[in-house]
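One chain, chain A, links the two complexes that follow: it is found with chain B in the first and with chain C in the second.
Moving on, here comes the complex of A and B:
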C-alpha cells in the first residue's frame, strides 16, 4: 500500500501542526488538542474546563455567539468540543474546500474568545444539568466513579465537577483559567483529508504564529484512592466496573499489553464475551478496554447485568482476568492480528480517525507512527511474548465499583 | 461510481457500488422485516431472531460464527428497526469470499433450542439495560402513544413477558415466513469485483426458499394526539417526546422534511437550540425526521429539570406553532443545507456509509441514488417545499409523552 505522507511543523511558539493528505475524499477533519483538560481543574473549581469548553464558542473575534455558530454552520462544519483529562479537544469536519475558512474562525475561538459574562448563568445551568443527567445514565456513572477511585487525583477527576464547585465559578475564575492554560505550548492541531500542505502551513503560521502563552502546566499527583465501593441505586441492572494497571503507550510492552486486552475483548469470540455472555447468558454488554496516559495506563472492564446474576458475572469476569497469564492460544493471536490489521487499514478511510490518530501519536510519542511500523508490531505478536508480559504485569490489585440495589462480594 | 444489480431466480436481489479507491468493502443483508411485521403474541421476535442468527447453523456453532468473523478481522454486527433487520460486515477485499460464506450461512440459522433458551437471558438483559436509560424508555413509550394501533408503534425489544412466553417454534414460523429470498437484498459497497461477488452470492443463496413478501397496514397516520405522563420516581431529569406527522419514505417531500428537522432541531445552531439549550433551560432539545413505509414522523425531544418541564413544553409548542405558521427563513434553510451536504459527503466516504445508504434507497425506493443525486436533491429544497411539508404535516400536531419524576404535568396552554 502506498505510504501516506504525514507533514509536521512545530512553530517557534510551540504549536505543532500535523497533516495527512487523503486524495480520494472530498472532506477534511481538524482536531485541536489544547492542554487544558479537567485534570487541571483546581480542587475548588471542578468542572471549570467543561464550562470553558461551552463558553468559549459563545462569541469570539468579531462575532457574537449567534454569528459564530451561523458562520460555522454555513461552512457545513460538524463540530464538537469535548473535555478529557489532559486536553480540551476541538473537533470539526466538513468539505475540504471549507477548511481554510473554518480555521480562521478557530483562531478566533482559541485566541480571542469573548467568554461573555452574560452567558455564564446559562452555561452553569447546563453544567449542573449535565451533572444531574449522569444519574439517569448508570453505565456512564459507574465508569466515572471507577476512574475517580483508580487514578490518583487529579487524574481521575470527572469533567462534570460538583454542584458546589460549579455554583462557585465566576467569570474572573474562568478567564484566569483560560489565560493560564490556553497557550500554543503543547497545543496540537492535526488535519486530515483532501488538503494541500504548503498553503495549510502558511495559513496556520499566519493565524497562530504570533500566539503567546505560558509554559504548559505540570500536574502534581496525590495518592491513588484505590477503593472498592458500591453505589446504592434502585436500577433494573447492576453495573460492574473494574480496573487494573497496564503499561503506557511508548513502553516496550505496549503492543503485547494491547494484545492481552484484545484476548479479553477484541471481537465477539474474545474471552469475556464468550464466557460471560455467549456461554452463560449473564449480560448483554461486557467489554474491556485499554486507556493510556503518558506515564501510566489501565485496563477498564465493564459489565451490566440483572441484579440476581451480578455476583456470578463479577466472579466469572475476575476468573477470566486471573486465568489470562496461564496461557494464550496461537489461534487467539491470529484473530487479534487480523482484527488489528483491518482496523489499521480501515482507519485510512476516515478523515476524522486519521486526524485523531495524528494528534494522539504526537502527544504521547512526539512522532507519528507509520503504517509499516504498526503493521510490523502486529505481525510480531506471539502467545509467548504476551504471556511473558502478563507475568511481568498480571491483572491484579483491582479497583472495583458496582452500582445497583445490592453490593457484591469481591473475592480476595 | 459504477452501480450494478442482479436478481437470482428465487427473487433474492443483489446490488453493489464499486469504488476502486476504497481500502475495504462493506457487505449487508437487508431483510425487509421488523417490529411492525409482528403480531402481539410474538412481540420482540424480530430482534430476538436477529440475535439467534449469530447462534449458528448446521455448519457452525455460535462460537464458530464469532471466531470465523474475527479470523478475517471483520467489523460486523446487526440491527433491528421497525421495518428492517440488517446484518453487515466490513472486511478487507481479500476476505470477501469468507465474509459471504459466513453471512449467507448464518442467514439460514438452526435456531437450536438450547441456544434459544440461553439467548433469552441476553435479550432480557438488553431490555433491562434500556429500561435504565430514561431517554430511550421515553422514546419507546412515546412511539406507542403516537402510533396507537398502527403497527409502527410495536416495541422492537418486546417485554420480558413476551420474550419469556416466546417459543422456538413461533420464531421458526416467523423466520420461514419473513426470511424468504424475495424479501432480502444483498448490498455491497467499496473495493470489490462485481461478477465474482454475484457468483459467490449465487453459490450460497440460490437454494433459499422463495415466497410472498407481504406487509400489512401500510398507511399514513397523523398520530393519536394524546398527552401522557409516566412517573418514574427513580429518574432524575424529565424526558419528553413530542411526535408529529411527516411524509413517508417514498415521498419527494422527504428531503424538505429532513432539512426542516435540521433547522428546527439540530443539536446546535437550530431553533430549539437557541430557545432552550443556549439559555440553559434544557440540557438537550432536538428534532429529527424518521421516514417509514407509508408514513413518517418528526420526533422532538427534550430533557430538563423536572420543575422546568411545563415552561419548556410551552416554549417548544410555541416554537413548533410558529414554524408551522411562518415556516423557516432563507438563512435557516441555507444553514441547514450546508450541514446536510457536508454530512452526506462525509458519511459516503466509508464503504459502510455507502452500503447503508444504497441498501436503504433500494429497499424503500428500488432506486439507485448516487452521492451527487442526494446532494442535488437537498440542494434543490426551497422555502416553498418546506411550506408544503408544513401544510400537509402540521408540526405542532403533537402526541406528547413525559417520563420522569413528575407525578403530574398539565399540558401548557396552547
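Moving on, here comes the complex of A and C:
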C-alpha cells in the first residue's frame, strides 16, 4: 500500500484545509473543528455551545430547518454535530461524489445559520432533558464530575451546562456567542476519501475564502475545585472514577506515556482488566484512557462495582497504578506494539478515522504525522523507556470521585 | 470498484466458511457465529450463555488463561465475544498476515476450551454484576423488559439471566451446555479482508474439519407474557419502549418494511426525530429500529423524556406510527434511498462490516446477497409499495413498557 499523500492549505483568513486522497474507496468523510467548544461557555451561560450546536442546523442560507436536514439526508450523509471542550465538531460521511454538494450546505450552516428564535424553546427543552437524564446515568455522572474536579475551570466544564444557565439563554446571547466564536481563525476542515485536491481546494476557497471573523479567544483558568468528592446516591452499584496527570501529545514522552496507559488498559491481557476484572471478578466494567489538551493531559480510570466490593476495587486499582513504575515486562511491550500497529493500519482504511486524525494532528501539533513516523515511534517502545517515563511522571495526586450509597476511603 | 467475489464452502460436518477478498486493505476481520445464544439457556440456567462466553477464553488447547489472552493481544487482535439470542459471536480484526495465527487459537477456544473450575467464581461474580448494573441503567432496563414481553420465551430472554439461575450454575452444567451447543452444525465462520481463499479454506479444513457435534437443538416456544407493563422507579426521566410486528428478512416485503422504519427513524429528517424531538422538544433520545429473527421480526421504538411530558411523548409517538399508512412523500423515499445506498457503500469498505454481513446473510438467507441485488431493491422503493406493505402489515398490537415514577395510559 503506497504512503498516502496529505494535502494542506491555510487560507488568508486562517481556515485550514487538510485532505487525504484514498483512491480505493468510494466514500469521503468531512470533519470541521470550530473553536467554539464548551470550555468557551461563559460561567452564566453554561450549556450554550450545546444549544448552538443544535440550533445551527435549524435553517441556514436559503433553506429552512426542514429543507436543510432533508437536503443533507438526501445526499446520503451520515452526520453528527458534537460538542467537546475546545471545539464544536461537524462530522459527515457519504459517497465521494456527494461531497461537494455537502460542503455547499456546510458553508451555509457555519456562515449563514438562521439561529431561529421560534425554535429556541424546543432546543432549550432538549438541552434540559439531556442534563436531566444524567441523573439517571450514574456511569456518565461520575465521569462528568471527575473532569470538573480534575481540570481547572473552564477546561473541565461539561457540555450539558446547568439548569439555571440554560433557562437563562436568550436568542440574543446565543447569536452573540455564535458571532464571537464561529470564525475562520482556528477552524480546521479535514477531508479523507476518494477526492481530488485541486477542485476541493478551489471549492473550499470559493465557499470560505471571504469568511471573516475574530481572533480565537484565549481561555482564562479559574481555581481548581477540590480533588475528592463522593456523590451520595441510592444506586445498586458504586461508580469509581479517578484521574492523574500525564504528558500532552507533542511532548517527547508522548508515546511512552501512551504505552504506560496501554499496560493498564487496552487488550484483554492488560493489567487492570486482568487483575481487577478477570482474576478477582471485582467489576464488570473497568478501563483507563488517555485524554489530551494542548498544554496538559491526563489518564482517566473508571470502575463500576458492587457496593460491597467497592473499597476493595478502589484499593486494587490504586495498587496497580502505583505498581506501574516498578517494572514492565518485555511481553507487555510486545503486545502493546502489536495492538497499536494493528489499530494504526485499520485507521488508515477508514475515511472517517483518517479525517478525524488529520484534524486533530493539525490542532495539537500544527502538522500531520506520517504513518512511518508513528510506526517508528511504536517500534522504539521498550520497557526501560516506559519505566523511566513513569519515574519522571508517576501516577499520583489522584483526583477521585465516587458515586453510590457510601463514601470510600482514599489512601493518601 | 470491481464487484467483490464471495467464496463459500460448507464442510462435511456442517461448518460453513465464507470469505470475501478485499485486496486494497491490509487488515482482515473474522466472525464466528456459534448457535449457542441465550435463547438456548434452559429456564433454570438463565445467563449460562454469557458465563460460557466469558469462561471459554480462560484457557484453551495448550494455553492457560493468561497465555491465551496474551497470544491474541500479541497478534494485534481487536476482539469481542458477545451473546445474542441465537448465537454467541466471536469477532476479531487485525492485520491480514496475522489471521492464520488467530484462527489456530480460535480453533482451540471453540473446540478445546479448558472451562476451568477455578475461574468459575470470578466469572459468576462478573455475571451477577452485569445483571445488577441493569438496575442503575433505566434505558437498558426498559428495552430488556420490552423484548421479554414482545417475543414468546425463550426468544426474548436476556443474556444477563437472573440472580438465582447464575448462582445455581456449576462447572458440570456449564460444560454440559458447551458440549450440547458448540458444534460445527450451524456454526458459521466468515472472513473479509486481504486474504487468499485456497489457503484459508485449507487451513479451516485442517483446524475444524474433524470437529464433531450434535444437530442444532430447536427452540420450544412458551406462552407470551402480557404485552403491557410499567416498572415503577423513582427516576428523573420516564423511559418508554414499544414494539410491533414486522416481516423477517427474506420475506418479499423485507425492503419495503425496512423503508417504512426509515420513514420513522434514520436520518435527521425522519418523522420521529422531526415531530417528537425537533418540533416539540419532547425528548432528547428517540429512535425506531428493525430487529429480525428467521421466522419473525419487529420494530422496536424507544423514547426517554421528562416525567411531565411522558404521556404526550407516548401519544405523539403512537400517532406517528398510526399515520404511517396514510401516505409517504416521494421526497421521503428519495432520502431513504440515498441513506441506504450510502450505508451500503460504506459497509463495502469495512472488513468488520463485511465479515458481519456475510455471516448474517448466510444465517438468515442461506446465501450472501450481492451489492447489485441490494442496490436494485433500494432503487425499486416507491411510496406506493411502502404504503401497500403498511396496509398489509400496519403498526398495531403494540407491546408497551414504561419505566418511571408514574404509569402512562396506553390508548387501545
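Definition applied: the second predicted complex is superposed on the first by the 410 of 412 C-alpha atoms of A that agree within 3 Å, B and C clash if a C-alpha of one lies under 4 Å from a C-alpha of the other, contacts with A are read in each partner's own complex, and residues count from 1 in each chain.
In the analysis below, contacts are C-beta pairs under 8 Å (C-beta built on N, C-alpha and C of every residue); 3 or more make two chains touch, one makes a residue touch a chain.
From a predicted model like this one, the values you see are computed outputs, not experimental measurements.
By the touch criterion defined above, A:291 lies against neither chain B nor chain C after alignment on the C-alpha atoms of chain A.
By the touch criterion defined above, A:229 reaches neither chain B nor chain C.
In the superposition on chain A, contact of A:140 is made with neither chain B nor chain C. With both structures placed on the common chain, the touch criterion links A:306 to chain B and to chain C. Looking at the shared chain after the overlay, A:217 reaches neither chain B nor chain C. Residues 1, 24-27, 65-66, 69-70, 72-79, 93-95, 98, 121-126, 129-130, 132-133, 135-139, 235-237, 267-270, 274, 277-285, 304-306, 331, 334-335, 338-339, 341-343, 345-346, 348-351 of chain A are contacted both by chain B in one complex and by chain C in the other. Looking at the complex, you find that chain B touches chain A at residues 21-24, 54, 62-63, 66-67, 69-76, 90-92, 118-126, 128-129, 131-135, 234-237, 239, 268-269, 274, 277-283, 303-305, 331, 334-335, 338-339, 341-343, 345-346, 349-351.
The residues of chain C lying in touch with chain A in their complex are 1, 24-27, 57-58, 65-66, 69-70, 72-79, 93-95, 98, 121-126, 128-130, 132-133, 135-139, 235-237, 267-270, 274, 277-285, 304-306, 331, 334-335, 338-339, 341-343, 345-346, 348-351. Only residues 1, 24-27, 65-66, 69-70, 72-79, 93-95, 98, 121-126, 129-130, 132-133, 135-139, 233-237, 266-270, 273-274, 277-285, 304-306, 309, 331, 334-335, 338-343, 345-346, 348-351 of chain A touch chain B when the two sit together in their complex.
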